[in-house]
Structures are given as structure tokens and as C-alpha cells.
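One chain, chain A, links the two complexes that follow: it is found with chain B in the first and with chain C in the second.
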Partner chain A sequence: MKDRASVERVVREALQAVRPEGGPLEADAELGLDSTQAMELIMEIEERLDISIPVETFADARTFGELCSGIERLGA
Partner chain B sequence: MSLLEKFQALRRLQESLAGKAGVPPVATPMDEIHSATEATVQGRRLLLAGSNNYLGLTFDPACRAAAIREIEAYGTGSTGSRMASGNYAGHRNLERALAEAFGWSAGIVFSTGYQANLGTLSALAGADDFLLVDSDSHASIHDGCRLSAATTIRFRHNDPENLDRRLERLGAENARRALVVVEGLYSTLGDRAPLAEIAEVKNRHGAWLIVDEAHSFGLYGARGLGMCEELGILDAVDFVVGTFSKSLGGVGGFCVSRHAELDLLRMASRPYIFTASPAPAVIGATREALRRVLAGTDLRERLWRHVRRLHAEAARFGYRLGAEVPSPIAALVFDERDAAIAHWQGLLDAGIYTNLMVPPATPGGLSIVRISLSAAHSDEDVTRIIDCLQGLARRFPARAAA
Partner chain C sequence: MERAVARGEPLREIENNKQPTATASGIPLRRGNFRTLTEALDYAAQGSTGFNFYDGKGELAAALPYRELRERAVALARRLQSLGRGSRVALVAHTHPDFAVMFFACQYAALVPVPLAAAIHLGGRSAYIRHLRELVSDCGAVAAFAPADFVGLLREAAGDLPLKCVGALEDFHALEAHDELPAPPRGEELAYLQYTSGSTRFPRGTMITQSAVMSNLEGIFTHGFEIQADDRFCSWLPYYHDMGLVGIVLGCVSTQRSVDYLATRDFAMRPRLWLKLISQNRATISFSPPFGYALAARRVRIKDAEALDLSSWRVAGVGAEMIHPEWLRTFAESLAPARFDARAFLPCYGMAECSLAVSFAPVSGGFAVDRVDAERLATSGEAVAAADAGKTAGFVNCGEPLPGYEVEIRDESGRPLPDRRCGRIYLRGPSVMSGYFGNAKATREVLSADGWLFTGDLGYRVDGSLYITGRAKDLLIINGRNIWPQDIEHLAEQQPELRATDTSAFSIPGADGGEVAVLVVQCRETDAAALGSLAERLRRAIYAEFGIECLIDLVPPHTLPRTSSGKLSRSSARKQFLERHRAERVTDLPWAREAGYAAEHAVRSSMRFSTHREDARDAGLNAQ
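Up next is the complex of A and B:
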């Protein structure tokens, strides 16, 4: 089980890998990814945390904070 | 923001795709259809090389006669769901013929190919189940997953090892409730699924496998049953989905299975229940087209001769193709949107209609000119396409080799 801070750190790292030009993210910042980037982001996070993230978890998350909360709920 | 405000972005997208005056690459207005390979667009007669009419059966005399016969016997429409008054002998006969072709017990016909995936996936996978879906799947597969109450997990396109890891994470118990969803041939790049490897992975985990043969049924395999037959893995497949609107020249879709329970999907599948059954004419033509596919290999052989020729020549001119193995879909891949548009326009100027596909509708942000061939093309038609590509490769040498 990962705590909130480490989930946030992993999601930040994954975002950085997928979209290097993006700056640091606040919790309420919109992710604003196209579908290819979104797919890559999910794959990055899955590799780093060794979990599978359901499509529904990502579809429900509009912001950085919501995505982290969704992943936390998976019991990562 | 008001209800309609979001459409402003779509209007801008529509305007950018419409380009300047001329034939629009999206929703191209086909004014007259002369044959399986020719149409009039804005007063010009074009060679159709982007209609997925792989066997050219839309104008086959026997298929047309069957459609007319069926209209005379059963009328123009069924006006009812299969679960109500729209359950005609033609629907049931076609289902039987499809299942028998595979040597399986169950088959269901749907009103469109889109609904075949929607209706099958949403009903097969319930709340406690899992859908493991190739990330490059057709929209109808992704939408079918959304309509299902199951948990959907995507795996990397054509990557059995990536799928393996996801099934592993589910654990042995959940993996037995997991349905792996792939296509035989992917329609954007024309690449095949590594079905033997995927089947091995799903067998090892005790999961289930459904293969969408929309672009491969009628074209691959000794009897034309699709990629699973071609690769000799039908025994490892649980369900096959297909469409009537490509090689069979009609409209509609189907699912067949070795599992008799498929028949009970009729009781649960909303896209099957809450729509009118296919029109008699479509069913008649499709039944005849299926007979034609199963009866011989002449159409397939002609198509494959065209396919191999175009693939070899396009590669020789320096084009990057979406797949190394030739398929009825030849995808010319470009890094730059403008290069793809220039090639699409160049083909059009030469009187050849193809498909232009640009991001975000494409995988990996690629821009693609998609050429689909037909058994109804003549050798001269294919020569015309090849000559045009050669000219374009000379005009845009760096772009073609991008």
C-alpha cells in the first residue's frame, strides 16, 4: 500500500515522462492530455506502481488530484 | 458555459478538416455510385480505393438479386426488434449459416457492426468481470466496454507480454472472469494481432478470448473465416465478432461462439433488444455474400494479388507502410499532417479516392493515407494507383521516406 505522497510523486514523474514540457502540477490542475498521452501516462504509472488502472478510474479523473485519489482508492 | 457552447470547438475542427474549396476528406459527398469501385463526387468520376469493399460484393449480381427477392417476399423493413415482431426466418437462417461455417453452436446477428461489439461486450462481461482490451481497438469495442458494468483494463497494442502482466496482477481467481478483446486486423495501420501468442497467454491464465474480425473475415483463412483461421488458432478462441459491411457488402454484424450460452445473450444485450432487426434486403444479400465467400477462393485470390503488388511497389518508392506484412489495408504513414494531406490530395487530383486520417483519430500521433483494395479492382486500376504513388514519391521525396 502506497501513501498519498508517493502516489503523487509517481504520477508527477509519469506525467513528466509523457509530457516533458509540462510544469509542476497543482492538485486542481486539469490534466489536459490527448488520448495517446493519456494511454502512455496510464502505462507509465502502471509500470512504476505495478498495478493495473481501470479505464473507469482514469475517465473519472479530470485533474491531477482526482487521478491521484482514484489510484489511491485502487489500493496501490 | 451553455449547452451548445462546446460545439464551437467542433465547428473549428470541421472547418479545418474541410480545407479549402474542393472535395472534403471527411464525409466526402458520394453523389452517384456506379460500381463497387467507382463513384461520382462533385461531378468527377473517382476510382474508389478507400471504401473497405474488399470483395466488391456490393454490386454482385447474385447478391443484388437476393436483396430484391427478399424485399418482394418480406417487405422493406422489419419494423420490430428480434425480441418482438422482427424475428424473421432470414435472420435465423443467417445466424445458423454463420455458426455452421465455424463449426460452432451459436450465432447472433446484430443490426450494425458497431452494435455487434456493443451488444456482445456489454452483455458478456458483467459487474464482477474484467475486460482486457487492446489499446488500439475500434471505437465500438471501447464503447462496448463503457456500456458493460465490468472493469476495463487496456493493454499495450499487440503486446502479449503486457497483457500477460495484467492478467497476472488480476490473480488466478479474477483472471478466470477476464475476457481478452482483440481485433484480427487493425484497420488504421493494417497490422495483424499476434493471435497465437495472445491465445497462449489467455490459455495460461484460464481467461477468455474474443476476436473482432471486422477487417479480416472473408479475406483470411482457407475458407475465408478470418485471421483466427489463417493462424490456425480457432480452437483457442471463445467468440468471434464480425461485420457485414466490409467483405460481405451489406450492413450489420454478428457474433459466433463455441459456447451455447451465447444464445442467451439475446435476453440481456440491450443493443440487440432495443433496436429494429436488419432489413430483409440486407439479410438476403448478406446470406448470398456469405455463400459466395465460403464457396470459393477466386475473389480472395484476386484481392491478394492486388494487395501484394501495391505493397511491394509502395515500399519500393520509399513509402513507410503501417505494417510490414501486406494486408488489404495499405496505410501510408507520415510524421507530418501536411505531407499526408498533400498525398491524399495528389491521389484525388489523379481521380483516386482514399482515406485521410490525422491526429487525434490515429495512434501515435501519425498522419495516414489509407488505401483499401478490392477484388473488384482491375489490374489497370491498381496500376493507376501505383503510377500515381510513384509520381507523388518523386514530387515529395523526403516526405515519402519520412
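Up next is the complex of A and C:
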């Protein structure tokens, strides 16, 4: 279920929930969230996918694309 | 299943001890009156209390009774002692049973544990690795440990540093075991090093002796708030913070109390879990910086509050940063349906340089606000009642210092000030640090030969009670995290257009009462596109390093004010910034919250460049 397209869709939805004013995101777009928003984003993704995102995945996710890749690898 | 913990597996895979430890210890209560931390754990291990670790779903992942903590710490200590008495061991202080085992194993082996931050921001891998590496080097660690989740990051950070052992608990179990433990730590030996400044430019590891920390713990739990045999703690505070490590981890061992832990990251994601745990396990004591109460209040819905019962919570400690009464009021109102009693708020004041606590407000008194004339405070430093229509400032009563402390409020020339006069807070007493590790210069700056510590804070006293009004030292505190302006400035000055002393970082009040980071940058560039690019690069670099949004203010050369000796003055730069932007009602703008604001602001800044030039001319004149 965790193919690239569905991961991207979920991350977009989660971003939308955390930061409703944000526009569409390209893969190399920086997430640019403050620390509180970043934690909310991770929670939204965890709850939508019923996974737990390890700290290393979090640490490596500078951009939208990197976050999606990190989550995709968890599902493997 | 104990083996699973020893191997350092993630918490959620641990299946032992499905019951949390009891609240009653079954042994007579002792309130921190021990000579050393090992004596405190030896005693607590005779009872039935301990640490309980809850996961991000609010389920008990592991229980670690003090009896078991002691057994495992002693067994591991036999393997650690070859590292050499008094040597430092760096510990990534993630909320996990393995950290507790390792910390106390260091105690029994008479080693000096050095808890290091386990906080990473989104995409912050390289900044975190660099940070870890610098602190492991700074404390001259002979070994470095991390719970499983962080061990990959630690190994990368340790790289080729000359360490005798690096890894998770299992790696330390591979060291050779000695038959006997070394002689127990003495009162004058160091109990731990705690980094108060995680600044990579100016690391400051406070050296705290066994007798200093025990003296503070006894003072806290007998005079700060008298601990009772039916008290139970709940905490999400990080183990690398003085309040979390000393107040909770060491405090609970020293008073034989059970504690329910939630990892800081899990709290930040799901703050409601904190309240749910208190409600469910009938906790009586829980501490948080003000922003923790604010965060929880923001996320609690009415129906959540109605499902909770917080009536057991008798001490809701609040400290570690300036206390905003409004945040506490909002929390109390949001949680009134859960029977939270605002009188439980216990404001306190302290810092890692004196182990943890200096003063506590009266128990069950809630937070009391002293309203003073803001104008007179600003002009003459007098904290006096406001005239009828005057603008007021409110400060929270942080209570009387614990016995053993001498406190003085001094003016800039060092003369003691009377009551209701605002000045620099100095203190002396048995729980003050021995100094900053390996940093005699920084030590001399804050600690006099006769034992007086300059706290770096500003405040005044009324009838013995302390009121904190601000900071004399340059420091940004954003969401409870200390960020040193030197680090932001140094990072900014790596940009090719900028030279050293071209930047000044400070914080200003944000819309929600918290702090917003500001970086004023002077540069020769006048092209709007080039300025926009510089601002964007700076914003990204600061975000990548610190995980915060920073307002970038671009100004022409010679704008930044200097002191008479030619040094840049951050406080003057801040004052000028606020004056420059007064028309925009700076403090009303929700800058920190608005995504993309910085890029937009950079453009606006450059468009207003010509008006800034006028200011610059004035500022230049003033500075000469």
C-alpha cells in the first residue's frame, strides 16, 4: 500500500492539515516548518499510515521528497 | 524479557512488566537526605517503586523498578570501571530505560556521565551529528553511549574520535567485568556534567559534585515542596535538561517515588497523552516549562478535558523560562472541566549552574503576579506599583530561595540593591557548580573566587521573594530551547557576502508571548534581487542548523551599534530593530507562525532599503 504515489498523497494531506495555507509542493521543496508544526506533521503521517517514524527518518527529511522517500523505505 | 532491554531494542518491542510500579514504596520516605546518588538508589531499591516508560500510544512499554535498575547498574558498573575513575562518559539522553541503567552504572563505577541532547529537528541530521561530536570532544569523553534509536547517529558523530567504547548497552556489556566495584563516589567527586549551553561555539558543561546535587535535592523536596509518601510523578521533560534529569530522574530516585515517563518527542506530537497519563495513574506532581502548558492547552478539546480527571495533580511546577501568566491562565481554563486546580501551579526559579533549583513559590498558592509600573521599571529600574492609568508589566512570584542560598540583586557596578529595585541576580550556596568543565575563562565570567554565581538573569526581590524580569545574558529561548546568538551569527557569517561582525542575533516577543529569532545583517549589496537571495540563503541555513524560522533584517553597512570599546552590542541592535519597525507593530505580527513570511519579509526589507539608510546614518553617528 505504501507505494510512492500513496505516500506522497498522505504527506500532502498531512502538510495540508498542519499548514492549511501551504501550496503544492515539489520534491525538492523544503518543508520549512517550525518545531511544533514538524511534530504535528509527523503525528498526522503516523496516524494516517499507522506507522511509527523513527528519529533517523525524521533527521534525514529536509525536503518533501526526502521525507516521502524515508517513509517509503519504512514500508519495505 | 530483561534481555530485550539490555540489547537496547525499541521500547515498543518490550513485553515485560505490563504493570506500572506502585505509588507506595513500602519503605519509610526519605526526602533526598543522602550523601551520594548511589546511596539514594541503594535505598530506593529496597522498595517497590520505579520508572515507567510509556510509548507514543500511551501504552506502558517498560517498567523499571528501582530494585532492577540498581541490579543492572551495578552489574554494568563492573564492566565500566576499567574506563578510569572520574572519566567522562557521554550519554545520549533519550527517554529510555537504557539511559537510566547507564547513568547509574556510571555512578557505581565512579565515572562522570555527561547527558547530551537527544533532540533533532526535521532534516537536522548533519547539524545534530556535528553538535554531538563537538560535545563528546569538549568533555573529553572516554566512551559514548546511546539508546538504540540514536546509536547510528552517535556512531557517525563519534567517527574516529579516540573512544574506548561507542554504542548501545550491548556494546558496553562486551567490556571485561571486574569482580569488585570501585570505592563508592565521595561527596566532593563529580556526579555528572550538564551542558547548559549546547552552543557549538561556547559549550558550557557545568560540573556538579555529589554533595552539590544532593544538597539541592534535599532542599527541593523538604523546603521547595514537601514530598509525601503518596506522591507520584509524571514527566515528559527531556533527560538532557536540568529539570528533567535532576528534578525528575534523580529527584524520584532520591525520594523513592514512582514516575511515569513519556518521551519528549511523543509529548510534542501528542501533548494530550501527558494529561491522560496523569489522569489515569493519579499522578500528583508534574513539571513543565510554560510553553508545555501552552502547547497542551492548544491541543485539548472540551471533550478531551471532560474525559480527564486531573484533581490528583497537586504540584504543577512551572519554570525553566520566563513565566507568561496568560499561558497558565489559558491552561487552567481549558482544563477546568478536568478538575485541574490552578492553585496547583508552582512557579520556580533555577538553573543548571546551581544543580537545578533556587526558589519555589509557596505550595498550593498558584501563581501570583506582581504588577508594576512599566515605565519606571524601564527608566529607573524600580519595580513599584503602577499609577492608575499607567502601562504595567506583570511578573510572577518565584518564591523565597531554598535554605543555604545567599541571594543578592546587584546594579551594574556590583553594588547590592534594596527590595523592589531591578538588577542582576547573584547567588551563593552549597549546590552551586564547581565551574564549567575545561573552560576557566567562562567559569571566571560567572563564578567569583568567593563562590558568588552570576545567574545571567535580571530581577528584583520583595520581602525575600524573587521576581524574574529578564535576561542580562544574550540568549534566545525558543519553544523552551536555548539558542546562543553567537551560533546564529557565526553561521550567517559563512555567507560569502558577509564578514565577521556583520550580524547581530537576538529575540523579540512574538504574537503568542514566546520569542521570535531576529538576525540583523549589514551588507554592502544594494541590488534587490541579490539581497533577496542572501536573505533566503540565511533563512535556509538557520533553519537547517537550528530548526527555527528566523526573521532576517537586511541593513546597510555601519548600521549595527557598537559599544565604546568597539564591540557589537546585541541589546542596542535589538532596541534599534524595534524602533526601526515600530510602525509595523512588530510585536503583533504572528511572524513565527506564518510559513513563507521570512522570504516575503526579506523582499519588503530590501524595498525599504532607502528608508533604512536614514536610520543607518543616525545610528552611525550615535555609535561614534
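Just so we're on the same page, the second predicted complex is superposed on the first by the 74 of 76 C-alpha atoms of A that agree within 3 Å, B and C clash if a C-alpha of one lies under 4 Å from a C-alpha of the other, contacts with A are read in each partner's own complex, and residues count from 1 in each chain.
Heads up, the rule we're going with is that a contact is a pair of C-beta atoms (placed from the backbone, for glycine too) under 8 Å apart; a residue touches a chain by one contact, two chains touch by 3 or more.
This one's a predicted model, so the numbers in the text were calculated from it and none came from an experiment.
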Putting chain B and chain C onto chain A via the overlay, clash or fit?
clash
Who does A:A38 touch here: chain B (first), chain C (second), both, or neither?
second
Contacts for A:G22 in the overlay, against chain B (first) and chain C (second): which applies, first, second, both or neither?
second
Is A:E30 in contact with chain B, with chain C, with both, or with neither (first, second, both, neither)?
second
Kindly classify A:D60 by the partners it touches after superposition: chain B alone (first), chain C alone (second), both, or neither?
second
Once the two complexes are aligned on chain A, which partner has more residues of chain A within touching range, chain B or chain C?
C
Where does A:I71 make contact in the superposed view: on chain B (first), on chain C (second), on both, or on neither?
neither
Check the residue A:D50 against both partner chains and state whether it touches chain B (first), chain C (second), both, or neither.
first
Selected from 296-304, 368-376, 440-448 or 602-610: the stretch of chain C that, after superposition, runs into chain B
368-376
Just which bits of chain A does chain B share with chain C as contact spots?
34-36, 39, 42-43, 52, 54-56
Per the contact definition, I'd like the list of chain A residues that touch chain B in the complex.
34-36, 39, 42-43, 50-56
How about chain A: which of its residues touch chain C in the complex?
19, 21-22, 30-36, 38-43, 46, 52, 54-56, 58-63, 66-67
Residue numbers of chain B touching chain A in their complex, please.
133, 135, 142, 145-146, 151-154, 156, 166, 169-170, 359-360, 363-365
Would you pull the chain C residues touching chain A in the complex into a rising list?
12, 56, 120-125, 128, 149-150, 152-153, 265, 268-270, 295, 478-479, 481, 540, 543-544, 547-549, 592-596
